[in-house]
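Each chain carries a letter (A, B, C, D, E, F, G, H, I, J, K and L) given by its place in the written order, and its residues are counted from 1.
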Amino acid sequence: MYVVKSPLPDADLKTVSEALQGALVDLVDLSLVAKQIHWNVVGPRFRSIHLQLDEVVGSARIHSDTVAERASALGVPPDGRAATVASGSGIGPTPAGWIKDTDAVRTMVDALGAVIIRMRQRVNATGEADPVSQDIFIGITADLEKHHWMFQAENA
Amino acid sequence: MYVVKSPLPDADLKTVSEALQGALVDLVDLSLVAKQIHWNVVGPRFRSIHLQLDEVVGSARIHSDTVAERASALGVPPDGRAATVASGSGIGPTPAGWIKDTDAVRTMVDALGAVIIRMRQRVNATGEADPVSQDIFIGITADLEKHHWMFQAENA
Amino acid sequence: MYVVKSPLPDADLKTVSEALQGALVDLVDLSLVAKQIHWNVVGPRFRSIHLQLDEVVGSARIHSDTVAERASALGVPPDGRAATVASGSGIGPTPAGWIKDTDAVRTMVDALGAVIIRMRQRVNATGEADPVSQDIFIGITADLEKHHWMFQAENA
Amino acid sequence: MYVVKSPLPDADLKTVSEALQGALVDLVDLSLVAKQIHWNVVGPRFRSIHLQLDEVVGSARIHSDTVAERASALGVPPDGRAATVASGSGIGPTPAGWIKDTDAVRTMVDALGAVIIRMRQRVNATGEADPVSQDIFIGITADLEKHHWMFQAENA
Amino acid sequence: MYVVKSPLPDADLKTVSEALQGALVDLVDLSLVAKQIHWNVVGPRFRSIHLQLDEVVGSARIHSDTVAERASALGVPPDGRAATVASGSGIGPTPAGWIKDTDAVRTMVDALGAVIIRMRQRVNATGEADPVSQDIFIGITADLEKHHWMFQAENA
Amino acid sequence: MYVVKSPLPDADLKTVSEALQGALVDLVDLSLVAKQIHWNVVGPRFRSIHLQLDEVVGSARIHSDTVAERASALGVPPDGRAATVASGSGIGPTPAGWIKDTDAVRTMVDALGAVIIRMRQRVNATGEADPVSQDIFIGITADLEKHHWMFQAENA
Amino acid sequence: MYVVKSPLPDADLKTVSEALQGALVDLVDLSLVAKQIHWNVVGPRFRSIHLQLDEVVGSARIHSDTVAERASALGVPPDGRAATVASGSGIGPTPAGWIKDTDAVRTMVDALGAVIIRMRQRVNATGEADPVSQDIFIGITADLEKHHWMFQAENA
Amino acid sequence: MYVVKSPLPDADLKTVSEALQGALVDLVDLSLVAKQIHWNVVGPRFRSIHLQLDEVVGSARIHSDTVAERASALGVPPDGRAATVASGSGIGPTPAGWIKDTDAVRTMVDALGAVIIRMRQRVNATGEADPVSQDIFIGITADLEKHHWMFQAENA
Amino acid sequence: MYVVKSPLPDADLKTVSEALQGALVDLVDLSLVAKQIHWNVVGPRFRSIHLQLDEVVGSARIHSDTVAERASALGVPPDGRAATVASGSGIGPTPAGWIKDTDAVRTMVDALGAVIIRMRQRVNATGEADPVSQDIFIGITADLEKHHWMFQAENA
Amino acid sequence: MYVVKSPLPDADLKTVSEALQGALVDLVDLSLVAKQIHWNVVGPRFRSIHLQLDEVVGSARIHSDTVAERASALGVPPDGRAATVASGSGIGPTPAGWIKDTDAVRTMVDALGAVIIRMRQRVNATGEADPVSQDIFIGITADLEKHHWMFQAENA
Amino acid sequence: MYVVKSPLPDADLKTVSEALQGALVDLVDLSLVAKQIHWNVVGPRFRSIHLQLDEVVGSARIHSDTVAERASALGVPPDGRAATVASGSGIGPTPAGWIKDTDAVRTMVDALGAVIIRMRQRVNATGEADPVSQDIFIGITADLEKHHWMFQAENA
Amino acid sequence: MYVVKSPLPDADLKTVSEALQGALVDLVDLSLVAKQIHWNVVGPRFRSIHLQLDEVVGSARIHSDTVAERASALGVPPDGRAATVASGSGIGPTPAGWIKDTDAVRTMVDALGAVIIRMRQRVNATGEADPVSQDIFIGITADLEKHHWMFQAENA
């Protein structure tokens, strides 16, 4: 039915829309994983990590909205449903139940590390096709790498 | 490892924790479904529904946090991971791709209706076991039924 | 024309909708009465009572909105028109013209007292039929009884 | 009892106080009518009109307070009680029950139109007697005519 | 030295600038008188009147600024120095030392009454010469008459 | 197509709508001229004038919106398009390129002066036909004359 | 002297007022104990616990105010004096002097646990007599159990 | 007269300054066109589009300021006067008078589409010469494409 | 265990820490006494005194925190527990139950007077030993004497 | 009539109350002088000095309030009436009419300098008698000397 | 000891970390230089430049934090100590003592110019190695060039 | 050139200006040291200390500004340049590179301790010469000693 006139040629659009859809899935999952640990973390550093995780949740929610609306703006419907996220995320499985604070930090280092690698690939893949989308990925990468540093610093 | 002294006897705790876990899954899914439609809705009422859906997302996120932290406060680790949500939600499947505004409204009426029925069952189930949790379910139901009315009124 | 699927069975719905409609009329009238005295009070305590009455107006307006939207959410159209309020309010007639500060306080004690009695009847009447509406009446009662105490304390 | 020294001669005071009392009744009723429709409107434009009506309510409440306190400042006790409003308003009867969005808009166009005509008569009537009160009526008219335009534009 | 091109002919300018200078002196004195009583009031209504007087101070300061800047905008240098205020104010002498709350209210009724009479004369005097300045005097009169009513109502 | 029932008789409406359309063009141009100088001013007083000009821009934008919406409220479509503004503004040509701060101030004194003269003519022209529109022109004139004074004071 | 007309029969009033007075004492003491530890905690988690304790203080102060004003609203004078608190609190003795962070957490777990048990008894005791007061106790319990979980999680 | 030391070599400066001047004209016109429709739109979606257009106006004003100040920072005086905008804008002519809501949306889709094409050309043209200016064009393009999507979605 | 290197020699530290501990007890008790009267005051001046007392509570809480943290900063653990306050306060016993407004004011005048005398002794005692602590006592005294004046003025 | 129990012996009270009364007169006059110049300054630095003077006005008003309420708190009625200020201020006469910006700055340097000398004498005079009042004078002196520096720096 | 897994290969990391460390030193020094002149500037434009310099300080502090945390995020410890800044800054020596306003502006033009040249070199150097860091340098350059223009415009 | 008339005699001025210049250098260095550790701290307490250090930075920046502007107000140009800070600070050398959290805390305890000793000497040195400057040093000392306690408490 609804067809939007995309400002990009078809090949470029394919490259960019795959990158956006992949980023959307990673970022929604990142927000769910960070909330899961926010609720289940225990140990002496509980409060500090509990609060820090909500900052990751906030970042991930804002970035996922930016990425999904960018897809819509290019004429490609984004897919952020639970099943799509559960099957397509680049983040490994998160353990159920209570999680010790040191394990919580390690889990977040791994989750952020996995998303960052894929996000940097998207930066490289989209520079030619659409510098506007690339600029969005660059900004997201900078923010994720800052969170990544902070969790790494805590387990030093 | 970590064992929290629950203020409830075991049988009551089982009843209440099942209700809380079920509510958590419904509410996380509700936030994902509402975001999905927020991004994909098209039609003359686009802007109005686009904005209205973000208010549902905001409500659902706050309620899911309340419910998950209530479970933790009772000593039961909550589970809000993507796979758990994808398999356990009480909301039926959401279609992929662009969605006409009238269909968007109908989908939200159905999604909210499904969650409300289950939430009212939780109100009934927990009154004896834990009036504190029941009070939380009552407040969530009131809010969801208000959103439900608004979407119904729009398709009149 | 427009028919909303109510989550309540018919008998319960009748009970609850009568309670909501009655509360709406009482609360709209309370806001008009308090404004009337706000404008007409005279005497040494003028300023103190003038300000205090606007807090009652604020409370009554918020509560009337909550009650009316609750009725709509249950599929019952609320009626807050001037004629309905004038004929159906549980508050006795308010005198016209300037009103001395001690009389103003006594009038408010009576008006609040009349509404509180009816609101407590609604708490009792709706517990079975709809605990969600009951919870709203409980909250309104707590607030009205606090205002009631304050005006009583002033005439001690 | 209480007699305030009015800054106006008796004939002028009579003219002005009738205009103020009439405006008060119209404006209180306008706020009740707009709330009534705010709660009962249904149809595809529900959300947009629901929000727009609350802006009319806000305007009408502020204007009624200004007008009533102006009467008090001139030494004339204002009367904004429900029965006075129900019998004296210049707005025609509002239908009970659910109201379709197009009908809701038409009802507001009529209600605002009726109040505007009377308000312009007050502007003319009070210029000689009290330019201070006239200035208040002028400001209210400007605001009501803006709301009037917006509802008219919506039914174009 | 500095000559501003006034938008008014000379005769009109003379009328308007006298009105503005007179209003400036009255309003600066009103702010000083209200502060004086704010500091010296005693009696059971101390706190209520102490706070109310600061609202008069706030109004008087804002109005004096508006009036002085209006004079400057018309090319007439305003004069708000202490000696000018002390010799030219329309407000009668204020007693030194502690002042009982009922006396404080009566003093403010008199002070406001004196300023209002002169301000209404300015409204009449300037309508021909400069409707812009007249509009400013009208707004100030409305505000002062509201304060006047409130103090009168307190001594009823 | 769309015909709004104007509250004014035809002859009055013609007078008022010409005044509103003229004011709209002047005010939009004033905002563009002030921005132009905001960007191009140089000299020791750069920062002070750069900031001051943005306050003129803010005033002009608000006033142009008020005037245009007033026209719509009277049933007359306003015209604020670039070509209309370029051909109909009462402000003389603004030089291109960098502008010394003293020249910048002089240009603003002239631009404001030209608009004020025409705005005062509109105050005179509309008093009979529509005191509501006249009141808007009075308020705008007061504000422009204040800006006018300030720029004049700077070149003294 | 002063006698307020209570909305409750005498037996119910006795039950409810004992519950309110007991809750008041517990909550005032909770605020003092949490402040005491806020000032005396030492150890690597100092800052985190220092901040967290001030949130408990904030909660306890708000709840104690709610409970005391509820008693007044029912016509029963509340007693929150230091000696009453020192002799009647349900919280065990707090050690004097510096306190290690792990001990601080354990002390808070015990203090909150003691208050929660008594608060749940009040929920059960007052449901019949006064659902309005019961609703207040339910809300306080939910909040205290959340704080309780957080301190427990920190000592895991 | 005034010569700023540009950080760019002459050829690059020429490229970049043409892009900035072109963008300035497009963006000022976009703000005028969106305001024009904001005032003249009629039809059932009046309110929704009326509000949405003011967001476009806000965006266009901020972007035009950024672009003009960037030109100044590079030593090139920007030109945003009405005549320059009227003759140089990339947006086609806007019709005068009332405009139906569907036509309003289509007009905005076309206007935004025309500006986006030119803005993407500026992104390509300036990457070599000045990555700082390019980054500004990229950010503006992302924002305009988001507005473009939203208007397109509304006419689906 | 924990020993902080105090910046003061032992004799000075003893003087200062006794002063700080005494002030802490007085200020915590002042906050409890003011709250007690806040809840129990009755009479025509109820509202005015009810509000004024909460300002004393706010002041006393902030000052007690400052004093306790100053003790900690000097290496002396502060003691603000209920029993310590109940036995060591410089304020005489407060009556239980409802308290007439004039009695409430007199009680506050006495309580503040008692604390002020002791606070001025602390100002004298600590000037040599620690001007930093003395400066804190001076600031607290100024604030308490302002509250003292206001209550005295009300009983004039 | 009204006698407040002063915390100071008579001789000290006399010293302190003279200092406070003197400071009050100086500070009220400073606020009037700064406003006078705020309205009358002309010249290229108009806007900068116009704004800076309002900051002096703000400071002087706050300080005069502090000083007057301190006098009341010590039981001495303050006198801030226009005639008292006109005859007792330590600031020399201010010229009437327009004032060139350089002269405006010089006038403020002199006015502030005169007040500072007297304020430092008050610091010396009150240290023995009342360190609380002295502390207030010290804070005011620091603030006035900062304003003094800024005006001096501008005439360098 | 602590080793963070850098997302960049070694050669790229060396390039980027040198650029970040150089930028950090420049930006910290820029904040110190701007503060130094903020305190020491004299002359007629004192106030304007005094305020403008604090905006440079604010920018420089935010940018230095961004750059340092970016280095940490890449696994390279940043060095912003006083000695490192004193020896490594790209800004030439700043004179001690009072500085005339025209000299102050010239000093800032030179300081900003020196930092901009080096920042543009960093933009070029890092595009290949790390587009995320490059994007940060681009944003900083845009901001510094805006400040640079403003100071240049002031000395025209 | 520029000579400010200092309110202090020469000998006193010398004493005070040395104290102010010394405090400025210490405080600027404290802000740089705290930022350095803010960026380089690692270990389980990373987040808590990272945030706490930014509060020290904020305090130190505000205090350094107060001290420098106090010097200017006394007519003595302050010197806060990087080289002056690097050579004159009272804080010992800070290690380069990553720093473990316990070492970070110890470093801050030492840095704050060194500054506090010197600041107390300044309190003693300046009481005679300038109580205004002394009051500033007292306030700074109180704040630094609070930070000092908090870091000490963390290493207990």
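Note that in this section a contact is a pair of C-beta atoms (placed from the backbone, for glycine too) under 8 Å apart; a residue touches a chain by one contact, two chains touch by 3 or more.
Remember, it's a predicted structure, so these values are computed and weren't measured experimentally.
Touch-path distance (fewest steps) from chain A to chain C is 2. Compared on C-beta pairs in contact, E-F and F-H come out with F-H as the pair having more. Remark: chain B and chain I have CA centroids separated by 49 Å (rounded to whole angstrom). Look at where the CA atoms of chain E average out and do the same for chain K: the two points lie 53 Å apart. A separation of 31 Å divides the Cα centre of chain J from that of chain L. Counting partner chains per residue, chain K has residues 1-2, 42, 45, 48, 69, 72, 98, 100, 135, 153, 156 touching two or more of them. Of all possible chain pairings, those that touch are A-B, A-G, A-H, A-K, A-L, B-C, B-D, B-G, B-H, C-D, C-E, C-G, C-I, D-E, D-F, D-H, E-F, E-I, E-J, F-H, F-J, F-K, G-I, G-L, H-K, I-J, I-L, J-K, J-L, K-L. Of all residues in chain D, those touching chain E in their complex are 1-2, 4-5, 7, 69-70, 72-75, 131-132, 135-136.
Contact residues of chain F toward chain H in the complex are 1-2, 28-29, 32-33, 35-36, 39-40, 42, 65, 68-69, 71-72, 77-83, 85-87, 89, 94, 96-98, 100.
For chain H in complex with chain A, the touching residues are 113, 116-117, 120, 123, 127, 134-135, 138-139, 141-142, 145-146, 148-149, 152-153, 156.
Touching chain G in their complex are the following residues of chain A: 41-48, 50, 98, 100.
Of all the residues in chain K, the ones that touch chain F in their complex are 45, 48-49, 51-52, 102, 150, 153-156.
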